[in-house]
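Look for chain A in each of the two complexes below; its partner is chain B in the first and chain C in the second.
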Partner chain A sequence: MQEQTIPDRLKISPFLIFYVIMAMQIGLGALDYQRIIAKDAGYDAWISIVFAGTCLHIIVWMIYKIAKIVNGDIVTAHMYVAGNLIGKVLSFPFIFYFLLHSLASLRTLFEILQVWIFPTLNLFWFSLGYMLLSMYVVFGGLRTVVGIAFFSLVLPAFLVFTFFPNLLYSNFESLLPIFDHSVKDLIKGSFHMSLPFIGFEVVLFLYPFIKESQKSEKWAHLGLLATTFLYTILAILTFAFFSEGQLQKVMWPTLMMWKIFKLSFVERFEFIGIAFWNLIILPNVCISIWIGSRLVKRIFKIRQKKGVYLLIIAQLGMITFIHTREEINLLNSLMAKVGFAFTMLYIPLLFIAVYIVKKVKKK
Partner chain B sequence: MKSLMMYLCILCLLSGCVETNTIDDINIILAVGLDQSDRKQMMGTFLTDNFMPDKSITNKTYTSKAPLRRDLLIKANHQAAQPLVTGGVSVTVIGEKLGKQGIDDILDIYQGDVTIGARNFFAISEGTAKKILQGQYGPEGNGTYLYNLLDSKIKSKELPETNLHFLLRDYYQKGKDIYLPRLKQISTNQIEISGVSLFKKDKEVDVIPSGKLFYFRLLVDKHNKGFFFVPKNKKEAASIKGLSSKHEFILSKKKPSEVTVQITIKGAIQEYTGKNLGVKQVKEIQKNLEKKVEKECLQLVKSFQKNDTDPMGLGAFYKSRNRGFDYEKWAENYKNLNIKVVCRVTIEEPLII
Partner chain C sequence: MKKGWFQNKNGQGDTEQKNATQTLAKSKDFTKTCYYNQKTNIDFCLTYLTTLVDEKIIEQSILSSLLAGDFHSINDIKKIMPLYDVQICNDPSKIEENLCSGYVLLTIETEEKNYGLIAAKKEIVRALSPPEVEISVVGPKEAFVESIATNLNLIRRKLPVKELVIEEFTIGRLSKTKIAILHIEGITNQENINTVRQRLKDIEFDDISDSSYIVQIISDNSNSPFPQLLDTERPDRVAAVLAEGMIAICVDGSPQVLITPTTLVNFFSSFEDYYLNWIIASFFRLLRMFAVTFSILITPLYVAVLTYHYEIIPHDLLSTLITSRRIVPFPPILEAITLELTIELLREAGARLPTKVGQTIGIVGGIVIGTASVEAGLTSNILLILVALAALASFTTPVYKMSNTIRLLRFPFLLFAQLWGLVGIVFCVCIVLTHLIRLTSLGRPFLDPFYPPRWQDLKDSLLMLPFKERSMRPQFLRTENPYRFSKKKASVKKDIDE
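Right, the complex of A and B next:
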């Protein structure tokens, strides 16, 4: 088995994993998860978020165990389990996974831009501009990509405070009674949290690039905890702000909550929020493209640059074909299902497989 | 360097890709009036303002008829030299007739339209909405005037707290009904708030006259303050300033069909026409006020029940206290619900002049 050696100057500090995970998680699904989970679990859905977040800690623990045993990323793990060739074949679909991830993030962002600000926005040209920007970031290497992830979290962090004026217009009694829904409904709600929660699995791909990799585990858990906390708070604020029947009519609850917030220099705050949302989506796209191209490089042994071109062209080609609301919904629900299957089903399976192989190899 | 040039080039080229709206080239709608014109058609009145060279503001209204609200705007746009945009709507007035027919479609559109803010006001008019918008009310323009009128009345607590967000939230919440302030045109340059219209689902069913608004507010607003006046039995009268008040719903544990609305008022006596104001008199005033509030509020509650409308949100309250709450059964039993009103008044130290 080949051991990849990555020079220290290309590696990132362990604590940066915190930002990578949060930046990758927040983006897809973060604008409308409240509506989707409340459909099944009603206003008890915040329990679903806490439950889903707790489950994911186990998955993160598994990811670190896998990575430690094989001392490498998911491709190494596949090769460790199934040999060189089959290992590569198994890793191949993940290129599409990340392509889908960036495609879904980008298309959802564009939909908001089209609905809110520019109804006549030309998809192709705007995505070309966005792609050139992300290409520029990705060519800077992983360290630049992670830097973008850092800034995309820190710069828009003030947005959290803009939800607090809503407290004046909120009614927290609508959250009562707690536990009004069956366990089945709550678990359904947790399942729908998979779209906003996916993204933490990038650790399994970035592992070889982290300095003193095992030290980053606590940061990964912290990142996940922070996201869970943020999502729960935001969900509770949303549930108090909208009534249950109204929430189902609100397309993007997170954005709609800004409608009530008014500053003396800007009548409607959503426009600032949406502008910052561009920045929040950027690391989603950049990290996805970087990992996708990295996988291309590892599997086909071609230069990573070519992989980047390939992914960007594929993305530009596909994005122009997604027009209607239904298609975007389909894309998002597909991403949610694939993400759920990968994180909650495939990673535990891989974990078991790696463990068995380790036992066998020892003998 | 080469790539930098490329980016610059693209930046310049792409900037022309989106539609621009210059503020001088658009007509911002400030108020919308919606009326039922005949059985199928709606009539929309869109109010904009023009800034004249001498710094005065003139009102301009565009009127159109169509079966759908969206069409109303498109048709009105035919008359306007510059496109009408809805981003600045601050007041929407519903005609009386339309209010009785139901406003479900309109609320649905307001819920879905992302260009309309959440802080603007909805009101219902006596007579047509068109007439209200076509008056001449003040130098600041009709749209601003109407907005300020409603806003100041809410701030001074003469009207119950309302805006589009509260309205839509209550409308889509099961177990709570909506209410809208009523506007009445006295003359072409005068307008007043004549009360509140109560709705059952999306149809107007009852009107609370402005004289009873104080009691209505005690029932629907959680927290309150405001002035009120209590005539005493004999010759003396006292004016009491309400410092704060709140209401609470209390469920009876034994009987599920009994609920008590407990109103607590804290006030101070502002003025008293009698000669001396001692402890005894204060007590008397307090008792009188309690009795009066209880009587008036109970009357209102009874009329809510008679009309089967629930502006207090008792259904929503029951839901938050009971697991597995059944709205349909609730709606059936609402009329027979035994609602009691209990009022407690505390009067702070009388003001001695």
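Right, the complex of A and C next:
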């Protein structure tokens, strides 16, 4: 089934999957998920995060099973199940999935920049700059893309410590009583976690590019675990810091919490946080563009560089049409729904299909 | 002279050779003298370029033995000549090349095919001197000189083992520069050596006058502001990196030896670090890293904060800042660029002028211009302090070429800071970061050990752990023998009072 073998020098070490997954997950929705999940599940919402995280481990396990059986990425899996032509047709929508992912990440970033720092930021020129930067990254190949993912986690890591001063003003009793909400509410909360959690599914696309691919499964699970842990802690900190009513009125709770930290030469830390958010979003965009262009290459058999140009032009064209808060909200909720459908519904289906085909082929 | 100055008449390449000799004969220093040995009744001629040969050798060794010795044919010269480099050959194409590198040509009327080539080079060698760029307080005080023979001797003495292999060849159509590749057999990765050899042999440039030419020609990415080959003038450093599994390239006529493959951290480690206690050395390295970050970012941060983000500064500090630039009529970016350029001017003027004048210019420029511009209200004194500190910090980089890069990097950062404030600075960080990730040295990642993250190599990067911990050679070199010593022996755990 493997169409082309990828030379070893282009592959990435298995443990880097840890960073890829974390970098891809943290980005969309990470600044405001506390508010959204608390709407349904109240201050029990942290249970929703843990529950969602646990479910995703099963999906990751399925992803690795699929990849192992077909020995390749999702396009190979589709061809394995449905043959060459239909396999390609089935893979086609995923180009748009990743286009949407990078569009949503980018537009959300610009929204924050516009609200917080530069109200007059010219959307087109900044997007153009950002796209040229992403192009430079993607042209460096997957190793460079993963490198950016790595640094986007390591360099801003110090920002995590800037949340600790909030403990002085926190009241953890507001989390009590635990299990105050119905199971239905908690599951609704978990559903809303899909936007901050999606991104781990990239493994299904990157699989052929991982050295000793099966060894990376451990790292994929660890990455998912680390994200779940980070989100849970951050949610608990947020819930202890804001009252339930106030939280609903705060647009980006994560940014608001940065405001508390203060040094003798820096007063408003969220400015530094937002500046670094640029770097945190960059791998989201770059990985998306890389995968999207890779899919274009595999489906239409054209050079990957052309795919990159196509995606970038499409994105530049679309981003200027999204102006209002409602439109951005719509974009994000669309992304959340599509992401949920892909990860929680489509992947199990594909898993079952691959399994059946495997049984049939054996006979 | 009409028939040509050597007696080979039957060679195929005769006309070409004649042309070559006619060209040679145009030079004033071309000499051909004929002599007669009375003992054996033989006429012989010596041909050489006077500027290249040592006349003492000709007088005392060559002529005396040829005139008075038992000399019948060319083949006798090996017996009678008290010199070590005496060749007898019959290939006319070698003559020109050897004449141009200080050989004396011996021809006899009776023998047409054979001639002798006797080395009588005039060696002009500068005496060893202490290093001038990579100065160290502790450690050896000898530096490379311009002669490749001396340099190889210095390295050989530090590594007196049979595994040290020296390959030599000549490149450059005009300069005929001798180049030596050094590596240690059994440690250095063969693939790396092949790459270096191939790249050097592919050099087409006609005049290679220094090792820096080679750096620019064989770099993986010559459009990068970052140097990808390290040049050093310290034999101890070369010996140390050879033992780690790197490759050294000596170039004749250049007092700098090249080291490859390198990583970014190599450019920030002074070799003196290795002579110091690991705690002190680690502190110095961290200090240098801080200095570099500070040097690149501080003026852009000033511009970004004062142009866009007043809110980020606490109230007390803000009033100090505002007071200092209350009467300055320019926007921060103009102020910063002017000051940065002034500092660069001072540096460039200091570098071009003779040492003593240069120092004076530095003092005049630094103190007079600085103070005057603040008093005239053209710049704020806080920015003046920052710019001066940034310049100072950029000089802490131990490798000269890297410190140039760092000073240059400040300007794009300034532009982005003006464009998009803090966001612009992070944007520019992303660009530099991507560039560094993409950069390779001899195909090995330049950003190792940070990316790809390699724990083993981190032990000698930002920090420098004690010798006990550094049992492995750098992983990015893919050495054939990764262990410097067996670690088990070194780590015997002791209990109290044992």
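One rule holds in what follows: the second predicted complex is superposed on the first by the 361 of 363 C-alpha atoms of A that agree within 3 Å, B and C clash if a C-alpha of one lies under 4 Å from a C-alpha of the other, contacts with A are read in each partner's own complex, and residues count from 1 in each chain.
Please note the rule applied: a residue touches a chain if its C-beta (ideal position, glycine included) is under 8 Å from a C-beta of that chain, and two chains touch if they have at least 3 such contacts.
Every value quoted in this text rests on a predicted model; they were computed, and no experiment measured them.
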*Give one of first, second, both or neither to describe whether A:G129 is in contact with chain B, with chain C, with both, or with none.*
both
*First (chain B), second (chain C), both or neither touched by A:F118*: both
*If you stack the two complexes on chain A, which partner ends up touching A:S13: first (chain B), second (chain C), both, or neither?*
second
*Touched partner set for A:R268, first chain B, second chain C, both or neither*: both
*In the superposed arrangement, does A:F276 touch chain B (first), chain C (second), both or neither?*
second
*Pick one for A:V137: touches chain B only (first), chain C only (second), both, or neither.*
second
*Kindly classify A:F150 by the partners it touches after superposition: chain B alone (first), chain C alone (second), both, or neither?*
second
_Between chain B and chain C, whom does A:V250 touch in the aligned arrangement: first, second, both, or neither?_
first
_Quick check on my understanding: which residues of chain A belong to both its chain B contact set and its chain C contact set?_
118, 121, 126, 129, 262, 267-268
*If you look only at chain C, which of its residues touch chain A in the complex?*
308-309, 311-315, 317, 420-423, 425-427, 429-431, 433-435, 437-438, 447, 451-453
*Going by the contact rule at the top, pick out the chain B residues touching chain A in the complex.*
7, 10-11, 14, 17-19, 87-88, 108, 111-112, 114, 117-119, 165-166, 168-174, 176, 316-317, 319-325
_Contacting residues of chain A [partner chain B, same complex]_ = 115-116, 118-122, 125-126, 128-129, 132, 169, 171, 173-174, 176-177, 179-180, 241-246, 249-251, 256, 259-260, 262, 267-268, 270
*asked:* Under the stated contact criterion, what part of chain A meets chain C in this complex?
replied: 13, 16, 113, 117-118, 121, 126, 129-130, 133, 136-137, 140, 143-144, 147-148, 150-151, 262, 264-268, 271-272, 274-276, 278-279, 282
